[in-house]
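Letters A, B, C, D, E and F mark the chains in the order given here, with residues in each chain numbered from 1 onward.
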Amino acid sequence: MTRILITGAAGGVGAMLREALQGYAPLRLSDLSEMAPARDGEEVVRCDLADRAAVDALVQGCGYIVHLGGMSVENTWDVIEQSNLRGAFNIFDAARRLGPARVLFASSNHAIGFHTRETLLDGDAELRPDSLYGLSKAMGETMARYYWDKFGIESVSVRIGSCFPKPRDRRMLSTWLAPEDFVSLVKRIHEAPRVGCSMVYGASANRDMWWDNSHAAFLGWVPEHSSEQFRAEVEAADPPRAHDDPAVIYQGGIWPVAPHTGE
Amino acid sequence: MTRILITGAAGGVGAMLREALQGYAPLRLSDLSEMAPARDGEEVVRCDLADRAAVDALVQGCGYIVHLGGMSVENTWDVIEQSNLRGAFNIFDAARRLGPARVLFASSNHAIGFHTRETLLDGDAELRPDSLYGLSKAMGETMARYYWDKFGIESVSVRIGSCFPKPRDRRMLSTWLAPEDFVSLVKRIHEAPRVGCSMVYGASANRDMWWDNSHAAFLGWVPEHSSEQFRAEVEAADPPRAHDDPAVIYQGGIWPVAPHTGE
Amino acid sequence: MTRILITGAAGGVGAMLREALQGYAPLRLSDLSEMAPARDGEEVVRCDLADRAAVDALVQGCGYIVHLGGMSVENTWDVIEQSNLRGAFNIFDAARRLGPARVLFASSNHAIGFHTRETLLDGDAELRPDSLYGLSKAMGETMARYYWDKFGIESVSVRIGSCFPKPRDRRMLSTWLAPEDFVSLVKRIHEAPRVGCSMVYGASANRDMWWDNSHAAFLGWVPEHSSEQFRAEVEAADPPRAHDDPAVIYQGGIWPVAPHTGE
Amino acid sequence: MTRILITGAAGGVGAMLREALQGYAPLRLSDLSEMAPARDGEEVVRCDLADRAAVDALVQGCGYIVHLGGMSVENTWDVIEQSNLRGAFNIFDAARRLGPARVLFASSNHAIGFHTRETLLDGDAELRPDSLYGLSKAMGETMARYYWDKFGIESVSVRIGSCFPKPRDRRMLSTWLAPEDFVSLVKRIHEAPRVGCSMVYGASANRDMWWDNSHAAFLGWVPEHSSEQFRAEVEAADPPRAHDDPAVIYQGGIWPVAPHTGE
Amino acid sequence: MTRILITGAAGGVGAMLREALQGYAPLRLSDLSEMAPARDGEEVVRCDLADRAAVDALVQGCGYIVHLGGMSVENTWDVIEQSNLRGAFNIFDAARRLGPARVLFASSNHAIGFHTRETLLDGDAELRPDSLYGLSKAMGETMARYYWDKFGIESVSVRIGSCFPKPRDRRMLSTWLAPEDFVSLVKRIHEAPRVGCSMVYGASANRDMWWDNSHAAFLGWVPEHSSEQFRAEVEAADPPRAHDDPAVIYQGGIWPVAPHTGE
Amino acid sequence: MTRILITGAAGGVGAMLREALQGYAPLRLSDLSEMAPARDGEEVVRCDLADRAAVDALVQGCGYIVHLGGMSVENTWDVIEQSNLRGAFNIFDAARRLGPARVLFASSNHAIGFHTRETLLDGDAELRPDSLYGLSKAMGETMARYYWDKFGIESVSVRIGSCFPKPRDRRMLSTWLAPEDFVSLVKRIHEAPRVGCSMVYGASANRDMWWDNSHAAFLGWVPEHSSEQFRAEVEAADPPRAHDDPAVIYQGGIWPVAPHTGE
């Protein structure tokens, strides 16, 4: 089994993946923050993804990179550029020079957050970021295309909805990505004979869907969980909103109307 | 729960809905014909939808209008225009002035009846009415777009196939909309946080399908019934036809070749 | 030469056409208002287009109908429905029963007025009316499709921009249809061996264009005039507006934000 | 029940069909090779499909032709042209002159084999043959369109993936068409009231899919088998390949890089 | 200058080209029929294009093949297959084995003749042949794609309208390709640094156009002639037809309704 | 007249613009390098676009920004990110906070350089950068979309081909943008009542075109120059290349095959 590098392994999704992939393949785990010590089949490496030499060392010997690292919420452009753009560049360029390695690029629904929720998005949807964070993810997807066209580096950009143990509000009933479904997607991308340069929406088999993954049927990924089990609980805790409330209009929820950090 | 206005409540579909929605929400029931007296949670109002003031009174206080009223089969232009166009205008305009209210506009497969049955229709299918009735439904869908673009009145146009207790002929094996499935659609449109200006094909999960509702996946409506249970019975009673019989060529069945009323 | 019926012949465009087509073909001129007396090769018939029998008499013997008649600006739905929908129905249905006659249906830019001006519209543009008037024109185009699909009645819907002797404001620098160009279009539709059921945007060869007629290249219509000759004069008289002024946002100008008549 | 002609009835798929359709309808079985003797409800006719008179006799009295005959693998152009093009022409032309008969044309994934496997193909996919064999199948599909447009001969081109008792290599895990699923498709095409001129991808409900049959939903064909049951066995026997191995790049497997026969 | 092979050089178009290209490049002229003797810079070779060895000798040493040879009107399938399919195969395969040579494949408007004339065709138009001749041309275009995808053989399929000294009937006013415009196209394809696998509609800058060549703008071919100069003469000699006359409905004129040869 | 800010005003294109716009509007000229002293109607400000405060001061008081500044050729990611991404962010964000100002974003053909030259690109072409430089330009276009969707900042991304006094090689015969044509485009974007968020290909009316600007017809920009006047001179100096030479395959010329800077 190819060694898998997981960046951002100390974060919520990263830590969950670490557990789920124990024993599946040798893992190299990286984060800027402290992580639990390495167990069998694991290497743990603290690393600033903005440091090119450090990233090179990280990527060396890995055939598959699950790139979750960087800033996962809105921030200033300075922070976003440093964490997300420079980080993504260092990863893709190391995958080229030291690989080839296949990359799962953790993109986000905020890369397409300005679409309204009554608009079904498929593999050709226009990038419409709703935040500087989302902009960096959209830019990362274009970077993935560049590394594919020019150097043949395979990647799948996963526009992750909301990957938490359970949905936290009404919007997440649509965007929820069950951790188990993300794990199965990470494995499918690992095991597929070829992924080219693809994009997948990261959502479970929820009732109300905004995204159509049929263009990626070749991956054979079929989510098996649904937010429906949490509906009653979520709806009880989160009051309904008017149809023209931004939280209801946009796929990105309130992000399209949120100010820049610090303003 | 928002009060629901059902127009055409004395018709087959209307009466079925009335029963099914008992206790679900307060209902206001309207028809030109006599209806059974009001029960708990019901108001019964006889009303000519061509009468603007009467429609205003009807709409007042309702947040959701299931507009089934008007002529539901072919007739002369005079009748169709009066019943269907003027009626739809009065409903939409009252929804604007006295609402905003969300509208379920009962459109019809006859708004797209000139497409052949080997043509899969999706959310972008061209309007190709097969009758003056179908023309009025197509026009009503354009009216829905106008009220959305200009006034933000939400609506879902439902191109109803054949909503009867069971399919009556071979064609209806494809177009059948189980009453229970229509009820669940009516509820989904009521409960969705936002519907924008949408269109849904009204058919159950039948085996041979001409329509693709994936563009409306955000509604979360999944029909659960199928005409398949009635196939043997229907096929025994309705002999097969040649592939170039109009009843078999067109999605609208024989309507595309039917003369105008009275000719 | 086939006899040509011009409805709305007392209006500005109608009167212009009457002059321009003198001697080109026998003309039957109709309007609700009084018209100048018939000259050689002309018949003059006052007629209410809402009167079916009168329209039948009008259409009898004509092979080509230039249907300009009806309300040409915004009004109440009662008036619009009576003048524009009933009128169009009477015309198309007479063309079917007493013809076949080919129809030039005077549609309008207000049938697509909600599109922004930076959106190029072609033969597949969605109907997005900006007014009840525009809605009636959009509906008339669907009626044209019905009469073609079901009865083979040929028609061209012309989405007329602004057909005046010269542009009256900055917006009309884009939408202007020189009278001479409309005349050549009327003739091209008359002389074309076949027009099927087509749509043409009615604008001259102006500098800043929102519409693409390439789908109708088979007609061989090439406008030869441009609003550019009037630019200096128009710009001097009409001050510029901000980019987010509705008059500048929408193809329909201020119609998308105009209230209903009388409100 | 209409008599069914099966050409290529001595081949693997043909012989399988012969068994499966026993008792379903009267069968006429044809091949260039020797076949088992006729049983009840069967006729067995040895025939060279390149012989027009012989094909005429074959088609006479059949309402449905399952045209499997011809060369089913790569060969020289001389052989391919004679077996596949002339054969297809004789079949379609006999279906016109002696029928009308409905035709199931056995096309192939090699008619679209140059598409990469990360490209989802639907009803509009471009023909991109990967071999002279695939070229003849692509040409046959165009022939089907000609016979439909000009003579109204109905046909369904089935782009068969890999119709064997079980998948033989990793690629076939995606392209496998379970014999039972092909049988159900053959029956659906027989029984459908109308098929027009359609195309269906012939694959079972496998996990990793390259093809989207939603455009043919009107047929009501839903494959019920999956290659998943054979995955472990196949993967054990067939080692994985690099993502840039032609066998993994192309839908046609190694055919796109195979030389012409004899070179 | 690369040596140019012209097949079909004794035909009308071929002979015209021969004259026009005198002195432009060394020419090899081939036909089944007798041709005028070779002049300076010319080779004249009688050749049956169905003879593979003869075609090989023909292609040897040529960098550009203008393939006009074969049957240029409707005939039986036997003749069409032999002349047009086998001939095209021999040309393309020789271009591969003995070249690479660039191919101008003389396709035809009859490869798309079933489209109606009010349908604008562009680079994505569906193949809809109207005759066995047209079918062979459509098949040849698919062959061109195969030789490009698999072997990198460059080609341009030119869907020639009507290449005569002047248009012969009303339909040709739209389809006319002035000989001078064809000559300039032949040169542009010769001189372009790269043509890939392209398709161009072969018509002059006529008034009423059915075809859009913008997808091939990279070639820089701009026809400079128009049928308009012949309109009066042609219209005087060829009476107008009804809009539902096949000669007026279809781009292929009466070919879509012509019987097979000998029937 | 609104004050115009030109960044990169010391570069070739910037200096040309400075001359051309003398007297057209008040100019503020900025560059990292030294510039000629300010003349009447000019302000000259040296400024590092990576310095947010300096950019704020630059943008203050300008209604239109012609953003040419940054690195205009390939370089390391460090340099590109700093010059082009941070620079673009500072410009767009200042246009939002201190404006609103309209932005002409100088994008590049290298943002779409991986398309082949036989592929016509229009307003929907996919971003396919061929270099880190091109990647930064593609990212800048996505940034423009973000500032439009979220803050209503108008912009036009101009994918400049080759803006030099004359074309320097054969490829530039297609990509050449005459300085005078760029000047007229800069003015059209300045004067247009509304530009929304648009994209224009920056090439003159050259003979062999790869780009289609019809989607931007609303701007009324019609280039008036052509590289044809320089063809003989350019072709004499630059020998032709094979059709499979990268310089001939890709719209980006040899950039798609150039290594990263320093490798």
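Things worth noting here:
Going forward, contacts are C-beta pairs under 8 Å (C-beta built on N, C-alpha and C of every residue); 3 or more make two chains touch, one makes a residue touch a chain.
Per UniProt, the chains are A, B, C, D, E, F = NAD(P)-dependent oxidoreductase.
Owing to the predicted nature of the structure, the values given are computational and were not obtained by experimental measurement.
Chains touching both chain D and chain F: A, E. In this assembly, the C-alpha centroid of chain B lies 32 Å from the C-alpha centroid of chain C. If you average the Cα atoms of chain A and of chain E, the two centres end up 52 Å apart. Within chain A, no positions touching two or more other chains are listed.
Touching chain pairs in this entry, ordered by label, are A-B, A-D, A-F, B-C, B-D, C-E, C-F, D-E, E-F.
Remark: chain A residues 102, 123, 152, 154, 192-196, 198, 214-220, 222 touch chain D in the complex. On the chain D side of its complex with chain A, the touching residues are 116-118, 120, 170, 174, 207-210, 212, 240-241, 243-244, 248-249. Residue ranges on chain F touching chain A, taken from their complex, read 77, 81, 85-86, 89, 93, 114, 126-130, 132, 134-135, 138-139, 142-143, 145-146, 149-150, 256, 260.
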